[in-house]
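Handing you a structure now.
Letters A, B, C, D and E mark the chains in the order given here, with residues in each chain numbered from 1 onward.
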């Protein structure tokens, strides 16, 4: 099925994990659209539910977690949440490429990359395995690696950056047009990170992909993403075009986050840390705004009512914010 | 074969008289690679089957010199015991067809002297040793005793020797061997050297592996594997016509329980004695065709005291203990099938005792179980009873500490039982075991134990009987016919009896010297000495005789008949001898 | 005051049956950290930052060169004799999760070193209590709520503060913070950085800050020095702001241009330098260590090793034959 | 290849040292055993009706096979013999070379142990995978607990139970000895069949005794691998279940090779019990016999052989391991 | 040096928490309760069991190796003593020796492992070579050989020897744990702070390994039981009138328990005791595994 960059519509997605304290949501009621051909970045601190959401895109949330509500519509595939068995398996890899959070260890240590590539081809019924290898070599070459050598190597013979590139190759080699990268540069040093980000950008453009990049590092998203979504405590608190969100953040959390970035130049006193600490699955408030504990704009209503995402249309696409204070502010102005 | 496995019928190859299945109780753990060498401890030469002796010792109560013919068809013993003339079976042939000759016999006797043999000891001055082996003609050999220190058992020492084919074993003895042997019997440096050389030859003999089993017996070795040895009939055997089985299977065993299994499954045509509990005995008796023959076994077991230790130096303590222990119960628990409770303590097995001392036996104290008498004796010994417990005269606690090697389960059972009985009688007791027999003997010898078990009454020769009580273990050593006594605790004297004992109705005697006299005494001379010694043992109690062993043989009448009667004089010999004598017949 | 000259460290990788591989972690490093001063080490992964930090904290020995603490040379001293000197230098580990014993409360963690000192100096138990509360307050924690907690009951930022508080129990003269913020949630990082700066100002402790994120180095204090390390060698050294604004070594320039640009807030630099090749430790040692990856290498670079030096017209020390200023870092939109 | 060769060389060197040490230890232990085997032999012969003096002489001849000289001379003699694979002469076997006696016995131990191990390895691994997959269910629990139980139960208990049930209560299998004599040894159906029939119970005991260990080891290994990222990664790439299963299996079995060697050691050690219970004429029984007979040379030899085979098994397992683990092959040290 | 008391309130709360966790884990699977009860039962049996019987067990020479009956639930032994009474009174020796074994195994093993992992370097090398050797030499054959040299005249001695032979595995495991803990920052930090080794080992390292050591200890107890019972069963140790292994030996090799069903009870008695002990310890270790595994304990 030769399709071009698919669009993805996540609607009301909720994922819960079973814990001794009952089923707790790690991702709650998230609605997000990935426009075809764009790079969307999701930022959030550790434990905010980023990986969980990324896995939901492949309907691959690992037990004891499960998708308890919502849908993930992918062009050409339909609602992934409803997919099962072989259909689901075939969708993975072929339609959706996934680059693992710990791509460092995403390869079987006992087999060469090439053998694993062939396994992948066989799994997806690729007839022309030679063609697959050729394609893989080309991709690797594109990313600045010696394809033949890499395919003959075991995981331990590759550096972190090389492994990450192999991960990207394996995600793309079956011609998937939706690619999810979970923390693609964590644990890599700056120069390698810059290289990987460059590759992501270039490959995205060349192959016409829809890309989702997940990271805790705003810099990474700022570097590559067209659109940016901010997660906090399992909720999507703000989204919009990257430049706009960075340039004029609306949600108090986004603001705080951007303010907390150490800067290379400028007045160092401008930057300051966000008070309080990020919630965990157990401490995230069950009702009301998840951010209120650390919020400077906290109002009474925040304690009880979940702020609904409010969208408005900007020049570069829609912007969505979920905050009572912001909404109230906007209303006041209106 | 094992339970569930194939039985005799699966053999099939037997034909004729069929297959005879037995076990050699003296050889646990058959060694598949062992040589057909009767001297090798793990060799595959089986007494009576493929290994022949000059003659077969009868199970006689008192006379050690009674034999069935083996390689020797007949023999004459000089009246003064100074020589024995052997006449070889005229038709005897080796399995390879060569006749058995006087040379074979002479060579075999030579070999025997290198490996240690009663009549061929290389110790200077040893008793009952052959001084000369003379080939009279091709079928006659004369052996003379060295009369410097003669023994009543000389003839037995000669007859009880293996005969092997000279044409196979020749190379082991050097040409000057007999001279060497003579030299070795002397004293001095040359003799020492000769003895060393003979020792070295002996080692070669033990290790010698004939390329093929050449036997003059009724069978030859066919093959051995870790489970069994298979023997086939030797057509050249002189009495082959009367040998019923065509094949003999000798089963391997590593523990007694295996023999019980074989017997209860009715698999063995014959087996020697192994200790067993009554339940097993019942089971074995219930096996089809099963048959138990009992006879005399010249061994008794006693509880021996170390008289260097208090309070066992006091004869009243020993007697008290003798009264306190119910020997019937001990025997029932410890050796229900293998022994009969000793009627009394005489140092002699009760069966030959009648022969040796006759009416005197009745006058001995039977030490019937009697708590009251025990108390009396203890009191006489000055022991005190406080709080239901006997203590030493000075009030210090007294505990009878009995020792046994851990591997001797019947002794341990007996001691355990005695312990219970003693405790019930107010005497504290314990059983302490040591790793095994070697350690036991070493420590016993070193005088470390208060009380230990000791085999006694090893007949039938009178000297051997009392040698157990009044021999080396009690301080008396008999070197070249001269008796010496070492003090308690020295020179292996762990029993520690007094050197002279005042015996009621006899007077003061030296039991060691009396015992030594038995060596060369004729039965008539021996009898009064035996009576004196029995009385001594009975009164002085160096050991309490607990039970006398019974020789129990298991046979099975399903396949073969012609088994010896109860108490037969064949009983200490094994089925191989019975077969070669032509007694065993295949069942029709 | 801590100085080091020509510090060399070579690891022999053992565990192999026969033959050993050598890793040259440090190849003659000079440094000087004044009392109350600050220094930051930056560089790629594996360039030897941690090794150097550990050597300075006395947790690792060095093979050659010389380290002097307050003028006392460490080289002639035995391990035992070095210890009291090195105690003045405390290490703050990168990972606050493993730096605290999960089975011990904050109370127990702080009390052990404090009561040891109390024992040595004959102070009372109440002093220990007071001092514990004091160091916790110093790092911005409330003693009342934190003391009785176990590490797993604290957030990452709080844990890192406890780690710092523990280091403060021995009144150190210097803290070695090895990537002290990289494992802490983004929103909390600045807090720790501010704390370190604060401690410098208030207590006069000097701080050795090891990081791969150059921007954070600025937050330790603007009077600090920046050491750029490459394969065990210092390739550029100068005041933090100078080096960031005017890097002259191509490696420093690569590092700086690799920092992601916050599009929307910042404008990328004009002359970014990004080597495509990744670091290869096993590469040959002749010539400039960076030569193979350097886009500006000349013939001389292949054969001769440049040494750290000052050259005319360049404000900072550098180890490059062809130093040249390049504008590589992103600038805030507002400035442009 | 070079790495493997080096590893092999290292192992061999260490193995040889080990063997020498074990030989030394066993030499001295064996010679420090108390007890007077000579007196025991004399007593035995006397009971069989031999004269005291003759018995002494016969015993002297027999024990003449024991090496003479000072302890040190004996030791050097023993060690130099060892280099020529000469372990001395067995007394109970009348001077037969110990090596020959051991050779006879070894086959009765090695074969059943190997067959039993292989059997339990196969079944245990399968069940281990199953237990890992079903680990949160009842069945997995039962499998794991029964595995622990079997792993925990000493071999002799298993042997006794099997013997009581299958050889005594329901006598369907032979419970003692290795073979029935009436079959001509060699390649014929009867003999082989009898061998096999007799081997069932011992082999089963060996198998059961090690089976629990396999289940546990495999389960935990699979659980570890299941938690490894690359399995999830493969799943996310849409790999076929069968391929993922192969990935899991191969990676999980790998660490079991080390355990394989250890378990061989355990089984060989347990051979004493199993051979005693089933009267199997192997090394264990030989060792036991030699101890009761105080056959020093044989005792030392049997002990040495058992130890050496464990050392060799360890080396083989490690080589096998390195042959299939590319990390080891290329010289990287693999932890755990 | 003044040693300060540790804050008692927190540790008390912690302890309460811990026991609540234990209870939860035990409740999750009833089999674990069974295990715990069985272990307690064995402890009780070892400590108080022999008090219920006279020092000299009554024997009945008329009923030797009798089959199970109302009077003797598992029959009688070859002396006519009650098998259950023998198992109970014999447990003290067996369990005491096993306890000594376990204590020595764990103390020596932990000591060597800690020392080796902590000191590293030459000592580590030497000790680990030693440990490797110990692990390679098969324990049972060595014990067989040793049993002829040593006289295991008391339970304590028995345990001593078994313990001295058994520490290898624990040492190896403790060492690797120590090595991995060493890598953790807190040990390094403690050294940097100048805390004495005593403190580091006693307060930082050991508590982190305590659960692991406890589990090893339990397993070592079973190991101790098996080894000594096995040796007695083979009959290489001096006869002990009242011991499970001796019972097995007498039952099999003397009373023909594998030949005549009447003596089967005599065999079953000690076998059952060993099976139950194994089961108990397996179940308890299973529970401990969960209790001490922080991943599983986390609520």
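Observations, loosely collected:
Methods note: contacts are C-beta pairs under 8 Å (C-beta built on N, C-alpha and C of every residue); 3 or more make two chains touch, one makes a residue touch a chain.
Because the structure is a prediction, the values reported are computed rather than measured.
Common neighbours of chain C and chain D, listed by label, are A, E. Counting only chains that touch, the fewest steps needed to get from chain A to chain D is 1. Using mean Cα coordinates as chain centres, the one most removed from chain A is B. Chain centres here are Cα averages; for chain D and chain E they lie 24 Å apart. Each chain gets one centre point, the mean of its Cα atoms, and the points for chain A and chain B are 93 Å apart. With centres set at the average Cα position, the gap from chain A to chain E is 52 Å. Between the CA-based centres of chain B and chain C the separation comes to 89 Å, rounded to the whole angstrom.
Residues of chain E found to touch two or more other chains are 147-148, 236, 252, 258-259. Contacts with at least two other chains are made by no residue of chain A. The multi-chain contact residues of chain B, meaning those touching 2 or more other chains, are 255, 261, 407, 435-436, 439. Those residues of chain A that touch chain C in the complex are listed here as 45-46, 144, 159-162, 188-195, 197-198, 216-220, 222-223, 242-247, 256-258, 260-266, 268, 271-274, 277-278.
Of all the residues in chain E, the ones that touch chain B in their complex are 56, 59, 61, 64-65, 78-80, 147-148, 151, 235-241, 250, 252-256, 258-260, 262-263. In the complex of the two chains, the chain A residues touching chain D come out as 55, 58, 60, 62, 89-94, 98, 100-112, 116, 119-120, 122-124, 154, 156-157, 167, 170-171.
Chain contact summary for the complex, chain E toward chain C: residues 1-4, 6-7, 9-11, 13-14, 183-186, 188-196, 199, 203-204, 207-208, 294. Residue ranges on chain D touching chain B, taken from their complex, read 34-37, 39-40, 43, 46-62, 64-65, 89, 91-96, 100-101, 104, 108, 167-168, 171-182, 184-185, 194, 197-198, 276, 279, 281, 285, 289, 292, 294.
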